[in-house]
Amino acid sequence: MFETATQGIITGILMGAIYALIALGLSIVFGIMNVTNFAHGDFVMLSMYLSFAVGSALAWDAVATPLITAPLMFLFGIITYYLLIDRTLRQMYVVQLAVTVGLQILMRSAALIIWQAQPRALQYSFIQGNIQIGDFQILTSRLFSAVVSLIFIAGMAYFMNKTWAGRAMRAASDDLGAASLMGVNYHKTYALTFAIGSSITALAGGLVMSFQQTDPVGGIRFGLLSWAVLALAGLGSLPGLIVAGIIVGVVESLTVSFFDPRSRLLGVYAIFILVLWLRPRGLFGRR
Amino acid sequence: MDAEPILKVADVTKKFGNLVAVNRASLEVNRGEIVGLIGPNGAGKTTLFNAISGLYRPEEGTVFFKGMNITNWLPHKICKLGMSRTFQVTRAFTHMTVEDTVRVGAYNRFNEKNVQDKVDQVIKVCELVDIRKRVCEDLGLASLRKVELARALATEPEMLLLDEAGAGLNATELATFMDLIKKLNQESQITFCVVEHVMQMVMGLCQRIVVLDSGEIIAAGTPNEISNNARVIEAYLGKRAVHARNQ
Amino acid sequence: MLEINNLNSGYGKVSVLRNVTFHVDQDEMVAIIGPNGAGKSTLLKTISGLVRAQSGEVKFENDSIFCLSPDQVVRRGLAYVPEGGRVFPNMTVLENLMMGAYSNPGILKTGILDEIYTLFPILKNRSAQFARTLSGGERQMLAIGRGLVSRPKLIMLDEPSLGVAPKLVDEIYEKIHALKRIGLTVLLVEQNTGYALELADRGYVIENGQIAMEGTAAYLSTSDHIKKFYLGL
Amino acid sequence: MNVKKFFNPRNILILFGVGIALVIPLIFKAGQYTMLLMTTVLLYAILASAWNIIGGMAGQLDLAAAAYLGLGAFTTGTLLIRWNITPWVGMIIGGLVATLLAMLIGFPLFGFKVKELWYALSSSALVVVMQSLFMMWNEVGGPTEKYLPVGTSPWYSLRFNDYMPYYYIMLIILVVVLLVNRWIRYSKLGYSLLALGEDEDAVEVLGVNSQSSKLKALAIYSFICGVVGGIFASIYGYVHPAFFDTSMSMEIAILGIVGGMGFIYGPALAAIVMVSFREVLRASLGSQLAGLYLAVYAIILIVVALYQPRGIAPLVERGIKKAQTYFVELTRGRRADIKSS
Amino acid sequence: APAAPAAPEAPEAPAAPTAKALPDEIVVGVVQPLTGSFAVFGKEGQIGAELAIKHINEAGGIKSMGGKKLRIVVEDAGGTADSAKLATESMISKNRPVAILGEYISRFVMAASEVTDREKVILIADALVPQITQMGRQYLFRPGPTATNHGAMAYQFVKETAAAAGVEVTSLAILNEDSANGRANSLGATEAALKDKISIVTTLEYPYDITDATQIVQQLEKANPDVIIHTPYFNDAIVFGKAFKETGYYPKFIAGAGACGYVDPASIAALGDAAEGISMTFSYNPAKDTPQNKKFVDEYKATYGYIPTEGAGMNYYGAMVLYEALEYAGTNFPDDPLNPDNLRASFLALDLTSGPAVETYPSNQIKFSPTGDNLFPGVVVLQVQNGQPVVVYPADGAEAKPVFPNPYYVAK
């Protein structure tokens, strides 16, 4: 009992750190740009497919693929931004919802056309394996991903607070007009923000690809989950993202271990709804 | 009956985290009065309004309206009882027309049959007839302030809280606006409590003024008393304002 | 320095400004007054690029800045402090000031922040505080300070006294006066006509989107029209 | 109601539409496929119109339609399978059960002022939660479909082999839902909801109880979804937790948005256009390159959302106005003619 | 049957005096999920059916009808029941096929078979869930085995190979994704195992869109069964395969059931050596040594680069069963062979022990029960050996010997 719980918590914490990284891209896009991107899960899906494509073409390990997929997703982010998102900025958020849901359908069908319906995965990655500590087991791929995710979230926090680009992003998110009066070209800033969000998604996709697979509808698995992490964390709080990711990971893991694997998401969403009731701004939200 | 104040705020405290925005403030407004509430920026005037109208729950203290303890009541119930307000930063129903906006308020006391009459009446009183079909989105600040006043009036309040309703109006516009409030006060017996930084309006309109600073009431009295109160001059009015008044 | 000729502007199909022509000279303080909804803010927004002009000519130091985007306009040395200040609430006071130097980060090394702190000492005390926790007057000062960080050649202020307590209004105007003394050109929009005409060299009156009157401040303050409709005398 | 006011071009158009809808199956002797398609379109039109009450008017972006639909379906199905209770009763009970759930969720959510996107996400989570619960609840749900028996009388068990009855049932419900929409829109509730969608605090100080207004809207919406769920189960002949479908919920909201939020007929119009358009695409492109038809559909959806951000109803509205002025001018012109002659 | 108006095209009684003219071509419909979560199988199914029809036509069409050719039309059933039902209606109203192949998912079959029964179109379903033939449908046939057959076969395979290898298997864990099919497979295995009084240490059901299987694998490790019988879908098979390897947990054997995941080419490509030694039950035997099957496998392989998967195989022999029934109808009901009732009678009358259908079918006989199920269902077991899926069981159709316990696991 105690053992199972401890093991569950370990597994959950590591997976949670990865969830935080998956949600980081969304946190940037929604938390800073206020863009409701319902296709975020599908950005992860696309990243994973790109990882697959790169990994299998060059015989690279999944973990290395973000070297190529991150710039690709950066580009994809910029294109998506200028084609779609830029035009929705001054509209109501429901318009963004409609547009990004359209994008989601489009990405899914494109993935189906390009990569077919079979799930795709890269083979065993060098980071896979496990470390046995006493009775407990830590999967190295999760540990590695968790560490990378923490580093990147910390790096992102630094970027947001200490660089001109980061400050410009935050200023634009506070007041578009006023930011442009400071000399911020918000189209460019937002394109950059969106592209950075997308390329972080590529990083997450590469890491997840090292121990998972993807298929055209695989985005579903990450979409709502990322939103739940974001809601728990509250907007604009990057450290909160880690805590929220870990809460989601641990709750999921313990539900599977102690209750029923079928109720995996039940606990997560129950907490999600509960937090919305009790702390609508999330656990660490500023706004 | 009339001796009892229509609004009585007793020792109200409202905090935001560590910040005590309103600190044991007490205030009484008698029926039929126009009372001014002034104080430096960030003194807690808007916060006090929010606590009175039910948008915030004060940590301490009680609010009585028409002799009833309305502390922690929900805003809509307080409105039903006869109090409404306007907002410092105008909060229009962006996509609704002026007429529909006023109608929302009018439903407070009127049913489907006679709501239209009330809407027409208020729109006429507030001089909104020309723009009654316009969407609030397209209106300028001055019109929006009028719309806010109109929709609050439509609820048939016995008391109105106006939060900087005169800000951004020039001297002449202000005079017209003051006339409207005076008329409402006299003809419809509406009690007013106004927050204002424009001294011309405060001094010209209010029978009594209460001064708030750092969440605390520091002075109360007639306009004359207030403008000569050293503490008020120090904290709020500044020498120039007094100078200008004395000219 | 700033020259506007036959400017027409508005929102979408709604046209607000009609054939506005005026100019601001070097080291001058020019006030624009007018009733509510006359289009004063629209005029400043159009010059700064926030609102797209329909036609006309906008020249700054003899270069056309007509229809440039706001970020390009600032880079030329024309700062605009919008109505209500519009500081960045979720950034600290210091970060807000730094944003003023966004288009020219090097300027921060010239000690400009210290200059601003001497002008508005209160900002120094609050520098680590989030702007959202500032009072209305402090916000207004922060906004002006932020506008000054880039060392603009001309600064446009839109109703800096709106919603500000009388004592602070005095302070703010003292500062603006100080700005003028250090050689800054100021274009001021103000409802408080008395103040505005007291400080400014020249003034324009906008009514219904058109220039209705112009002249030196002294001339305007004695005009019957101004007395009647703006000073309420 | 004022007779003259009633016969304005818009209402005439609506009446005309209903009239056509009534006779189409008879005149064209539509085949079963067309009937099923039109029934499906009506189904989405009803759901989107119901959504309009909570989403379009109250501005609460609800994504839980499938939760209420599924609950209605399971209630109706279970009552029929276990106790042989007719779906006519079952769907009313289903609607009430759905409303009950909606109230349980909505009371705290609205009480705590959960808004906009967060409300959308929590309602979307509700669908997933319901699916998980019904997947595990073997007596009622579970992974194996529960078949709805046809029984002796199709009218009793609401299990027709022909879509005509379903079509007319749906049509009646749609008309009722549109009337309910209209009635709400021009009543105290409607004005309150519209204003609530804009600024909640400002409405409350005008004497509107935001929580109860939103709960009323949610109740009506969830009840309609629940009732429709009962018919949904009957058409497909089984109940399964897959009915709790997040993407269906999303689609309904999208129809509401694309139709024109707050316009009474907008969502129904969007359903008619978009759903049948997608089916046409599926039928024509579906077998060529898997996924192609959805890509085309997605592009159209994006284009409509980008270039008609306020929905297609305003477009129609403009058309109507033009027609109106045209007719006015026409009659005027005629009068002038008469005079001159 | 419900009191619905008879379809306008209702045929004359079979005893009509004059022979009905045959159409130029005999239309066969394929309704498969080509988009959505179930598209993996659907696409393969479409390919299998198309190849079969091509082969039938190449071999001279329906000979008993004067060499009439078959024409295939395809509809996408999408991922939801409403789109599946619409697709079926659309297929029938536009093309009026004599038969429809596919529908794959049990709830699609449930909704679609109501349509095909009303319109009297034969539905040759490729779904495994047992319940679909228990609804009293008249025109529904399922040549393939049921999920129960699959589950039982997985168990039987484990039992016999273990015995042959002299390895003791006393405990089982049953694991499945939470669909109707997953559960039915597990029930089949459980029933068979219980007869042998083998202890089932744990039964786990999980949603197929799971993102992390670590905890479940850790739970399995705790329960420590000798063998795990697992019914996955495609995605989760990969997640589990990787999790087994990553946690380093190896039971004696992992036996798959239900034909999805682990042994198809995409899964092997995704899992690499983590798939090694895992077995899976199939409703189709790609190794069956018959001319027809060889032809099918060779052509399929030449086009797609790998051996036909189950979906392709099932639809191939499904089409071949239809061919046999058409031949039968042409011979025995020459007046009106395409009359649905005659066609149905032909299906029920079939008792095939040779011919293209049997040649591609896992067992050696096809005969339908009145409910439409095959009385001689066949299931084979494939095992991944050296990165290739090979048929290892039953012995008479096998191309290689099964390896038990999983040598790859033993090595660890």
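So that you can tell them apart, the chains are marked A, B, C, D and E in the order they are listed, and the count of residues begins at 1 in each.
In this section, a residue touches a chain if its C-beta (ideal position, glycine included) is under 8 Å from a C-beta of that chain, and two chains touch if they have at least 3 such contacts.
Note that the structure is predicted; figures quoted are calculated from it, not measured.
Visitor: Please state whether A-C or D-E has more C-beta contact pairs across its interface.
Guide: D-E
Visitor: Please indicate which chain is farthest from chain A, where distance is taken between mean Cα coordinates of the chains.
Guide: Between chain A and every other chain, the largest centroid distance is to B.
Visitor: By mean C-alpha position, what chain is farthest away from chain C?
Guide: E
Visitor: Which integer distance in Å separates the CA centroid of chain A from that of chain D?
Guide: 33
Visitor: Averaging only over C-alpha atoms, locate the centres of chain A and chain E and give their separation in whole Å.
Guide: Averaging C-alpha atoms per chain gives centres 37 Å apart.
Visitor: Let me have the rounded angstrom distance from the C-alpha centre of chain B over to the C-alpha centre of chain E, please.
Guide: Centres of chain B and chain E (C-alpha means) sit 75 Å apart.
Visitor: How many angstrom between the C-alpha centroids of chain B and chain A?
Guide: Once rounded, the distance between the two centres reads 47 Å.
Visitor: Name the residues of chain D that each touch 2 or more other chains.
Guide: Each of 132, 135, 290-291, 293-294 in chain D touches at least two other chains.
Visitor: Would you please write down the residue numbers of chain A that are in contact with two or more other chains?
Guide: Only 109, 112, 117, 216, 220, 260, 262, 264-265 qualify.
Visitor: Which pairs of chains touch each other?
Guide: After working through each pair, the chains in contact turn out to be A-C, A-D, A-E, B-C, B-D, D-E.
Visitor: Show me the residue ranges of chain C that touch chain A in the complex, using the header's touch definition.
Guide: Its residues touching chain A are 48-50, 69-71, 74-75, 79-80, 82, 86-91, 95, 98-100, 102-105, 146, 150.
Visitor: Would you tell me which residues of chain A are touching chain D in their complex?
Guide: 30, 36, 38, 84, 87-88, 91-95, 97-99, 101-106, 108-110, 112-113, 117, 216, 220, 224, 227-228, 231, 260, 262-266, 269-270, 272-273, 276-278, 280
Visitor: Using the touch definition from the top, list the residues of chain B that touch chain C in their complex.
Guide: Contacts found on chain B: 19, 38-43, 88, 138, 140-143, 164, 167-175, 197, 199-200, 235-241, 244.
Visitor: Would you mind writing out the residues of chain D in touch with chain E in their complex?
Guide: Interface residues on chain D, with respect to chain E: 31-34, 36-37, 40, 132, 135, 142-145, 147, 150, 153-154, 159-162, 235-238, 240, 242, 245, 248, 279, 282-283, 286-287, 290-291, 293-294.
Visitor: If we count contacts the way the header does, which residues on chain A are in touch with chain C in the complex?
Guide: 164, 167-168, 170-171, 173-175, 177-186, 236, 286-287
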